[in-house]
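These notes open a run of structures that come right after.
Each of the next two complexes has subunit A plus one more chain, namely subunit B in the first and subunit C in the second.
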Partner chain A sequence: MARSVNPAQAAVMTGSSLARQKLMDKWAGVLFVLPALIFFMVFTAYPIVYGLFLSLFKINTFNIDDRTFVGLDNFSKVLVSDDFHTALLNTAVFSFFVVTIQTVLSLLLAVAVNQKIRGKTFFRTAFFFPSISSSVVISIIFLWVFNQNGLLNYGLSMFGIHGPTWVDDPKTALPSIMGLNIWTTSGTMMILYLAALQDIPAHLYEAASVDGATPVQRFFRITLPLLTPTTFFVVTLGLIGTFQVFDQAFVISNGSGGPEKSTLTAVFYIYQQAFKESNHMGIAAAGSVVLLAIIMVVTVLQKFLFKTDQEY
Partner chain B sequence: MSTIKGLRRVSWLAVFSLLVAMLLVACGDATNTAGPAAGGSTATTAAAGGAAMTTAAGGAAMTTAAGGAAMTTAAAGAAMTTAAGGAAMTTAAAGAAMTPNTTVSGNVRISTATSSPEEDAIVDQQLANFAKAYPNIKVQREVIASDYDTKIKTLIAGGNAPDIFYVDSLIAPDYINGKVLEPLNSYADKFKVNLGDFYPNLIKAFTGPDNMAYGLPKDHNTLVMFYNKEMFQKAGITSVPTTIDELKAALTKLKGTMPAGTAPLAADPDLARVLPWVYEYNGGIVAPDGKSSLASGDGFKKGLDFYYGLRKDGLSKKASELGADWAGDALIKEKAAVAFEGGWLIPPLNKTPTKDKVGIAPLPKGDVQATLDFTVAYVMSAKAKDKDATFALLSFLTSESQQRLLSDIGLALPSRSALTDGFVQKFPERKALVDSTTFAKPWQFGPGFGGFADKINPELQSLFSGSKPEDQVIKNIDGLVKGQLQ
Partner chain C sequence: MAVSSSELKVPPRASIPTAPSAINETAPWVRVLIRVLAYSLLIGFAFIEFIPFLWSITTSFKPESEINAGFVNGFSWLPKNVTLENYANIFTKVAFGTWFINSLIVGVVTTIMTLLFSSTAGYAFARIPFPGRDVIFWMIIATMMVPGIITLIPIYILLKNLNLLNSLPGLIIPFMVTAFGIFLMRQFFMAIPVELEEAARVDGAGRFRTFAQVVMPLARPALSALTIFTFMGRWNDFLLPLIIVSTEENRTLPLGMSTFRSLYKTDWGLLMAGSLLVMLPIVIMFVAFQRFFIEGVSYTGLKG
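Entry: the complex of A and B
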């Protein structure tokens, strides 16, 4: 129980006052989670249930109460839609590369700034900084970086490379967004890793050193295994985040998902159905349900993959 | 020891905050420079807006992201000096002519897009004038900064529609079909507003199948040819091309004289830029009766052949390939000698030295002369409470005296034919924009086609990038049109 009771005080408490105390604690607990619970119910649980409900209807764009029940019709429309397939493929490619690279990168960054190096606080802050900036602002800055005459191509031109029109070329548009996404989120993941790294007891390393383990061995035999729960968390967060990528793709492609649908992500598809098409709100809701199912399946699969039973 | 450590920490903090400050300043710069390119829309939407021009219908289509920049009046940023003078003059005139009307009363909520500080100021001015003219009507103004159409749709769906809002020609049929707009004819009779004073093709864009008018156009913009006179001269082009063949010849001449990293023409794969040429070859994309596709027709192919042919021949490049946000931006940056844009290009252009080098001419003629007309109307929500008061404001905003405030600073062309002469007198160099009104076709295809350009453009993009052959692209577009018609 969170409430600390002075042992001397506890000794003089009668049985009934102790019971009352316990009840009070219970209510205090409820009271403490109540704001979060209300917030969750109103902004998460209710929309999810309502979304499920809406996915079974054809809905008038201009009047959400004007709807006709169509059963699973919306789902069949979503599942055969070429655009949805494109969007899922784009999202999968995006997720795979971003999650892989950002997980490795953030781990390396965390290990680096966990060393006793000069100015590590600066580096920690600097690496984390992109995470606290608005993704829309960062996307707009990157639009300029990715411009034909932008910073990136200027850098490349110093090596004699003629860079492409990054965000207006179907081959490079999605990788451009991946790059900016990795840059923004790696900092957050680094903080998570950093916290976990500092939780690893120093005596394990000392013991390993005494046994003659090299730094590389110590990293792979001690650090990495003990970080598994964090890695699971980082990968899960990364997957959920990347499956829901929208704002960066929206800004970079200027609301079109182009060029040639190369930046059309699953959430982007849902947005287009909901707001750009007439009477497709139900299809958008069905798309969200499908996406929810995919994210859930992937997360559960992952849980098996990262089965952890280490205790320390 | 610990003080030294503390000092060190403080100095790191100082260095870091300096970096942050520098970054913030850099961001500020980025958005600021984006501003003019985007047609003056503000802050975060700015950069998006700039590019929106390329994908959107340029000025008018509010369907894309940057609602702000996408309004016809989008452009904004107008020449401030004329703005102030013009506005002051007309306000005085307008104020003097009016006797307050106290018989109409009520509350009106109006939702406007904000594309520029200049336009914002004009709307404020108009509302202030209205408050004087109708002292018993209380007006509440709500500004939607970006993605205007999406937000309006959401407000309507949630039963919280503003009484007056903007609708552009492309999406108007969806709104009319959705029965969310109030027909205005009876109010026009009551308030003695003559719908015939507006350009008929503009009123027609907001007329429903029941022949009722559902919106009063606030302004419009046509697609014309902007060209760099200095570059023309350098290439030895003595007369402005008036036919497609002359245009091709001129662009070919330009190609030889222009430096690397530039192109004679900046042209993006965008339906709103391809369609004028299709119309010039007597083609179309949706039949006028809205029942069949014309994309497989001869005219569509000829128009696309011409537009894409310029690219194949190395005469045109995409704006992005020229390091510009949109074709107009390429012209401003002197990366291209020609761009097909509307009046929204003028305000950002006027902020640069390029303005003195640029001429405006109608689109060169194909088999017939054609172009596109983008227009936006003020409409009344069917659920407006005080409908008389709402119409009073709606008609006031589109009245001659109040429209003059807008057209005087050159944001867009007036939608009332009576204002045209004054506009041309004031801006003689913009005569081509006005003249094009007579042969322009509205940027509109019928109900269900609101997000249509967004569907066609990926096909045009694949044509431009070379990933799909032309006949495949035409077949796909035909399929998309047919799918939409069902």
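Entry: the complex of A and C
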């Protein structure tokens, strides 16, 4: 690989004629692409296909190459598993609330930053900041915030509210993780919206103003429709991310998915089956395929929801 | 390995001042109201974003006894006795130094390899025609939409068969080539005027020389953005280390912090000090590279 960027080596070719260059181009293309392509095939393309394939086998945990073909048996097991149902329900609830709230919040924040205000750069940086931190570290910090005598309950006590035990209560554990997720990702989504807002041509707003449109009308008739492709993108990213939530649930529940399986997410279930249960790797693979299918169906469905051929 | 959504987070473009104040012909009081609402929302949310960090910072400077007393005496913001013992103890009570070095190795090596592979492949996809180029490129793009979870077990088995479980190379190799990296660099190279390269080629420079001496120097903004995303992704990654690392000497920071949290559940001063130290390099990088970061992404974003 180092050869392709070695100037000394390259200098030898200085005398080449244009015709020879063309001929060498084909080989250059192959040399430029091949090393990356090999790694891509082995560690990205092949594992995707292999993942589908593995879901049809019973796999011996202690000797992974010892596999028995079981057809769709893993699927029939996973689809009737109570834990998998719980995990899917938790994930769906999590995904619905997080994606809805963070999408609306990030849009509002972007519109606010896009007004004539001071400190645009500060706000953009401040909102983006949490998303550069490790999910594990954020979860540990939030464990401290969610603590019975922590920052959150202190804040609530100022309004006379006696806060719950958050992550130790099955009713509030999952919503706590939703909150920390919204807190982390809204800023990133805001930046996507802001970039799109800044691309909306000024003359559209001017024309609407001349026609006497109110700010609210301008928002709903111009801004929102023109942001549809961005909304689609923001929702898609949100769905793919939230459907695979794991790190936060793992750290917050200390690896248990509790209390009472209230933070057991789909990926958490897959992880437990694959690495904590004996001989359940095939079931875990089947679980991943089901999750993959759900994510794809939901993504396609929302594509219809936001279907647009808006051009401007 | 299929790209996780964190790598898909397309970052900000530089602010392009095209959108004017959207409040031209509006009554003055409405204009004021809109501004008051905007400021309240922004300041309120900025407060919510920062306050957990502030509290973790002040906690990290409190002695253990004071933190424990807080559970009885009630909430307090500032330490009564400022101490650095948490920052010292984190290196002696747990192998924080080892985790840090492991994370650094994984982050730096993966980033260098990603830059190399993404730029060469991205350049070829943008500029050099070869058989099957477009089909292969679209195949790579398609994998970006596949949720990463499907590859978890296959990657584990693959690493096991390659004898790379519980090793740092096992954490590096699966991420050296990403669809996102190739895509980002290809989009950037597409936006560079072909004339610049043609001039060099007429002067007799071959592909490799053109690439090394003309194209790569121009690609600095995109390479900077890719550096940040890749390093950050590896530095913060938890799931792969969790499933493949089994001994202390190969733990990375997120995995180390997670096990540490299970062991020292109530030692909040230590946990906060460790958490803040994990964030520090990324924060420094973010502050130092922010200009390149926004520049790079605006360039790829504009012509993409």
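The rule is short, and it goes like this: the second predicted complex is superposed on the first by the 269 of 312 C-alpha atoms of A that agree within 3 Å, B and C clash if a C-alpha of one lies under 4 Å from a C-alpha of the other, contacts with A are read in each partner's own complex, and residues count from 1 in each chain.
In the analysis below, a residue touches a chain if its C-beta (ideal position, glycine included) is under 8 Å from a C-beta of that chain, and two chains touch if they have at least 3 such contacts.
Computed from a predicted model, the values in this text were never measured in an experiment.
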Which superposed partner A:V30 touches (first subunit B, second subunit C, both, neither): second
First (subunit B), second (subunit C), both or neither touched by A:G51: second
Which of subunit B and subunit C A:V210 touches, first, second, both or neither: second
Touching partner for A:K276 - first (subunit B), second (subunit C), both, neither: first
Subunit B versus subunit C as contact partner of A:V300, first or second or both or neither: neither
Contacts of A:L156 with subunit B and subunit C, given as first, second, both or neither: neither
Partner with the higher number of touched subunit A residues, subunit C or subunit B: C
First, second, both or neither for A:V136, with subunit B first and subunit C second: both
Which superposed partner A:T165 touches (first subunit B, second subunit C, both, neither): first
First, second, both or neither for A:V104, with subunit B first and subunit C second: neither
Interface residues of subunit A shared between complexes with subunit B and subunit C: 64, 119, 122, 125-126, 129, 134, 136-137, 140-141, 143-144, 147-150, 250-251, 254-255, 275, 281
Residues of subunit B defined as touching subunit A within the complex: 9, 12, 15-16, 19-20, 26-27, 30-31, 34, 44, 46-48, 51-52, 54-55, 63-66, 147, 149-150, 153-154, 156-159, 174-175, 177-180, 318, 320-323, 447-448, 450-451, 454, 457-458, 461-462, 465, 467
Subunit C - residues contacting subunit A, complex: 1-2, 4-6, 8-13, 15-26, 30, 34-35, 37-39, 41-42, 45-46, 48-53, 55-56, 59, 70-71, 74-75, 116-118, 120-121, 123-125, 128-130, 133, 136, 139-140, 143, 145-158, 160-161, 173-179, 182, 201-202, 204-209, 211-213, 216, 232, 235-236, 238-239, 242-243, 253-255, 257-258, 261-262, 265, 268, 271-272, 274-275, 278-279, 282-283, 286, 290, 301
Residue ranges of subunit A in contact with subunit B within the complex: 60-64, 119, 121-122, 125-126, 129, 134, 136-137, 140-141, 143-144, 147-150, 165, 167-170, 250-251, 254-261, 272, 275-278, 281
